[in-house]
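Once you scroll down, you'll see the structures, which are given as structure tokens.
In the two complexes below, chain A is the common chain; its partner is chain B in one and chain C in the other.
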Partner chain A sequence: MNITLKCFAGLKRHLPPHAKANAAIVEVDAEMSVYQVIDFFKIDREEAYLVILNGVFVCPTERNSTILKDNDTLALWPEVAGG
Partner chain B sequence: MSWTGKILRINLTSGEITSEALNEQWKNEYLGSRGLATKYLAEEIDPACKPLSAENKMIMATGPLTGTMAATGGRYVVVTKGPLTNCIACSNSGGFIGAEMKNAGWDMIIFEGKSPNPVYLYIENDKAELLPADEIWGTSVWHTDEWLHNKHQDPLLRIAAVGRPAENGCFYAGIINDLHRAAGRSGVGTVMASKNLKAVAIRGTLGVGNLADPEGFMKAVNDGKAALAENPVTGQGLPAYGTQVLMNVINEIGALPTNNMKDVQFDGAHAISGEAMHEPRKSDGRPNLTTNAACFGCTIACGRISTIDQGHFSVQNKSKYWGNSGGLEYEAAWALGADNGVDDLDALTYVNFICNEEGFDPITFGATVAAAMEMFEDGDLTLEQTGGIAFNFGSAEALTKAVELVASGEGFGQDLALGSKRLCEKYGRPELSMTVKGQEFPAYDPRGIQGIGLNYATSNRGACHLRGYTVASEVLGIPEKTDPLTAEGKPGLVKAFQDITGAVDSSGLCLFTTFAWTLDNIAPQIQAACGSKWTVDYLLEVGERIWNMEREFNLKAGITSDDDTLPERLLKEAAKTGPAKGLVSQVAEMMPEYYQLRGWSEDGVPTDETRKRLGLIK
Partner chain C sequence: MALDKRMPGDMSDNDLLRYSRHIMLPEIDFEGQQKLLTAKILIIGVGGLGSPVALYLAASGIGEIIIADHDKVELNNLQRQIAYDEESLGQSKVASCADKMEKINSKIKVVQLDEKLTGQQLLSQVEVVDVVVDCTDNLTTRFEINQACVTHKKHLVSAAAIRWEGQISVYHCGDQNSPCYHCCYGMREGSREDSREELNQNCSNNGVLSPVVGVMGSLQAIEVIKLIIDKGDSLIGRVLLFDALSMQWETMQLPKNPDCSVCGRSC
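For the complex of A and B:
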């Protein structure tokens, strides 16, 4: 299935070469969990601090059990803040 | 201890300059900076006075840690009654002038009255004098800065000044120090100009000492610096991306106010984000961002130094803007960009440069342009009224022309200088002003982040994120994650953030340290500098006391509980996209619990019991 993977700030390096504007449509296996996708792209689980699936934060305790669907958008940030 | 113990009082009407001792009791109850200066103002003026009258006073104040070796210990505040809001105004700025004021031996400068002629204040340690400013009246902040440096032949002179909009009565003019740091909000610069005070130029060489426990202070300060360096936000994220790292985050969660808050997501968000500022431009291969920059004593260095593409329409034949200068922070990038539907990074940077050069608040300016764009598209504003400028959402040309008009005070710029509340009232659409107590919102939509809406509604200086930044918890998980879409638990969260912020703001430290530090990191630094009484619990009490004092000032100024709300749009028009789709702000539901937690009556008035508990009445 295809999902949109977005990696921002210091996580940009994990995106495939065809990525534009910090986002890329990528193919992943069906039924993958949030953590499985993060592992698949060799992203450190702790570094992916802010995990937002379709606009909603996924807390660390739910990243194993949350399964992605086709056309989902998974956006990742390291720990960031501003104001 | 850490305070200099001295106040400089400037009577601008008579020209008399006096030195006086800091009030010991107030110092022990309000710490410094925001708290202490507000105490002085509340005691010395009638809160019902007109903000631009000689009766109003303006106080520049440092905190006990300003000018010390504490990380970020360079902050100063400007406290006055604000013309934009008719409420208490307190604008906080970094840069270097706060530390310079402290090094010159002054905790605070109180300006009162009104000078008969344009003047600037020159301070060299104990020496302070008012000097003629006729030659620089009517010129920009940047010109004033250069003129003063040349006149005094001192490259280390630190300068805070107002530009032309302040002189012209723009309701949201700020005071710019060190060229591009700003006491930006609520119109504090307008008050300064109304007193015929153009600038404050300071040279201080006395040092800052008088610490309660010098050895303990160095240990506490070094521990604090280590914590900032090790934290991913203050050690990596903010130096690399600045506050602008938030643009994509807030857009992704559906809380980025767009097109005057009609929408909560902006298609062009990435193009104006912190990430985009790192990307090479097509034209010259250079990124917008040149480097980061730090204020006095800061080990975070979140500041942005940027350039504009020299071929961009906004700066063609304007070589003055081709070099490096203060770049976009998140709030400015949002207000100038997403709120106007403009995704042109160079245009936003140019507008930001002008806001610095001429000294006005890019948040209020941007949000005012957004209101003008909505009225223009609705037919409430005509081309004739705008001077031929088509104020359509997405128009970078309209935005850049608007900033030039506010800077010069010409044409439609006079209307834009009113701020959105007065502008929308003038053209018969008051409901399109996205303000609380007359001040425009920052960059977080209260439909998608419920707690920040309650903070906006109750902020004592009008809508403001920096009085209780619940976004840290609701979005970013600092210190712990809460659900942005629920109102449950938010009144307590808002109160906690507001009280902590009152204490941090009064110390002379930067609020951004709190992304890494809690009061457990901050209290030891204040205790080592100021004495053992400044425990975490006492700092929380001080923060709560300050909040209530500010509230009492506003009540005396005429504010009521009816003012503790949000514009109708946010209460009735649901978010159209994103996780908050279908939601409106639940601020009315949260308010009773907030008042109760504050110890206020149902009308939002601190009860006598609360006032006694906090020492506001004896």
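For the complex of A and C:
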């Protein structure tokens, strides 16, 4: 199945070469969980702290059980605490 | 003097002129400006974020602004902390920031807390204000501020910035259906063996683009004003994410975590 993977800030380096701006359509296996997709692209789970599936935050405790569907959009942002 | 007989929120001719560009806005009008003049807020941290928050809200006529910070102004602050200038070097941030705020607007009351606001002192200050603005630079303090706001059911306007990135949200800690800061970042609390990783998230370790804190701080000031005048759609339940390098904005819906250890059903 195809999903749109969006990576922001320092995570952008994980996007494939065909990415435009911060997003790329990527092919992943069906029934993959959020964490399986993050691991598939060799992204550090801690670094991708804010995980957003179709615009909604996915709590860390739900990232193993949340299964992606065809045409979903998964966006990843790092943690920010400075001020 | 006639000035002394006015009640908080009453406006002289000079006040009407000073705030005329607010009063022209139908969402603010005379009534909204009166609400701003009688509001009381707490700004924790007057660094990169806190500088624009403090200056814009002083200019906007917030009646009483408590500013808390225990730092002194250093040379490396001047790149982004716009409340300070070269004459501020070595001074306490709250004293220097209060001086700048009062030069902009001598009619407001600025309370200086030259200390690290924590524990009972934090709770006491949160209890007496309408809105709390988190402009601090570390997760530990942010968690404690969030807890205090949940305890006293206060609105919390929270932003953060680092490198080229910024994030902002508003937490309605008096609403049982609204998420709190811990619902979003709670898994970070106590998850590390030491504080090194957290410290690495500070601007001093990663750097930050000067205007990014200005953008995020200005957005905080906007959200504070909207809460006080009770107009518009606040960021409650949403986190706005900003990547300045690619100039992209994302909006993230943040559901309440029913198992949150701070605001969840067991609390």
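A few remarks follow.
Here is the rule we use: the second predicted complex is superposed on the first by the 80 of 83 C-alpha atoms of A that agree within 3 Å, B and C clash if a C-alpha of one lies under 4 Å from a C-alpha of the other, contacts with A are read in each partner's own complex, and residues count from 1 in each chain.
Assume contacts are C-beta pairs under 8 Å (C-beta built on N, C-alpha and C of every residue); 3 or more make two chains touch, one makes a residue touch a chain.
These numbers come from a predicted model, not from an experiment.
Looking at the shared chain after the overlay, A:16 reaches neither chain B nor chain C.
When the two complexes are overlaid on their common chain A, residue A:78 makes contact with chain B and with chain C alike. When the two structures are aligned on the shared chain, A:61 is found in touch with chain C, with no touch to chain B. When the two structures are aligned on the shared chain, A:50 is found in touch with chain B and with chain C. Comparing the two complexes, residues 6, 8-10, 12, 21-22, 49-50, 52, 55-57, 59, 75, 77-83 of chain A contact chain B in one case and chain C in the other.
Chain A makes touch with chain C in their complex at residues 6, 8-10, 12, 21-22, 46, 49-50, 52, 55-57, 59-61, 75, 77-83.
Of all residues in chain A, those touching chain B in their complex are 6, 8-10, 12, 21-23, 49-50, 52, 54-57, 59, 75, 77-83. The part of chain B that touches chain A in the complex is made up of residues 231-233, 236-238, 240-246, 248-249, 252-254, 270-271, 274-276, 302, 329-331, 465-466, 469, 471-472, 475-478, 481, 483-484, 511-512, 515, 578-579.
By the touch rule above, chain C contacts chain A in their complex via residues 45, 47-50, 134-139, 142, 159-167, 183-185, 187-188, 197-198, 201-203, 206, 208, 213, 239, 241, 243, 245-246, 248, 250-255, 257, 259.
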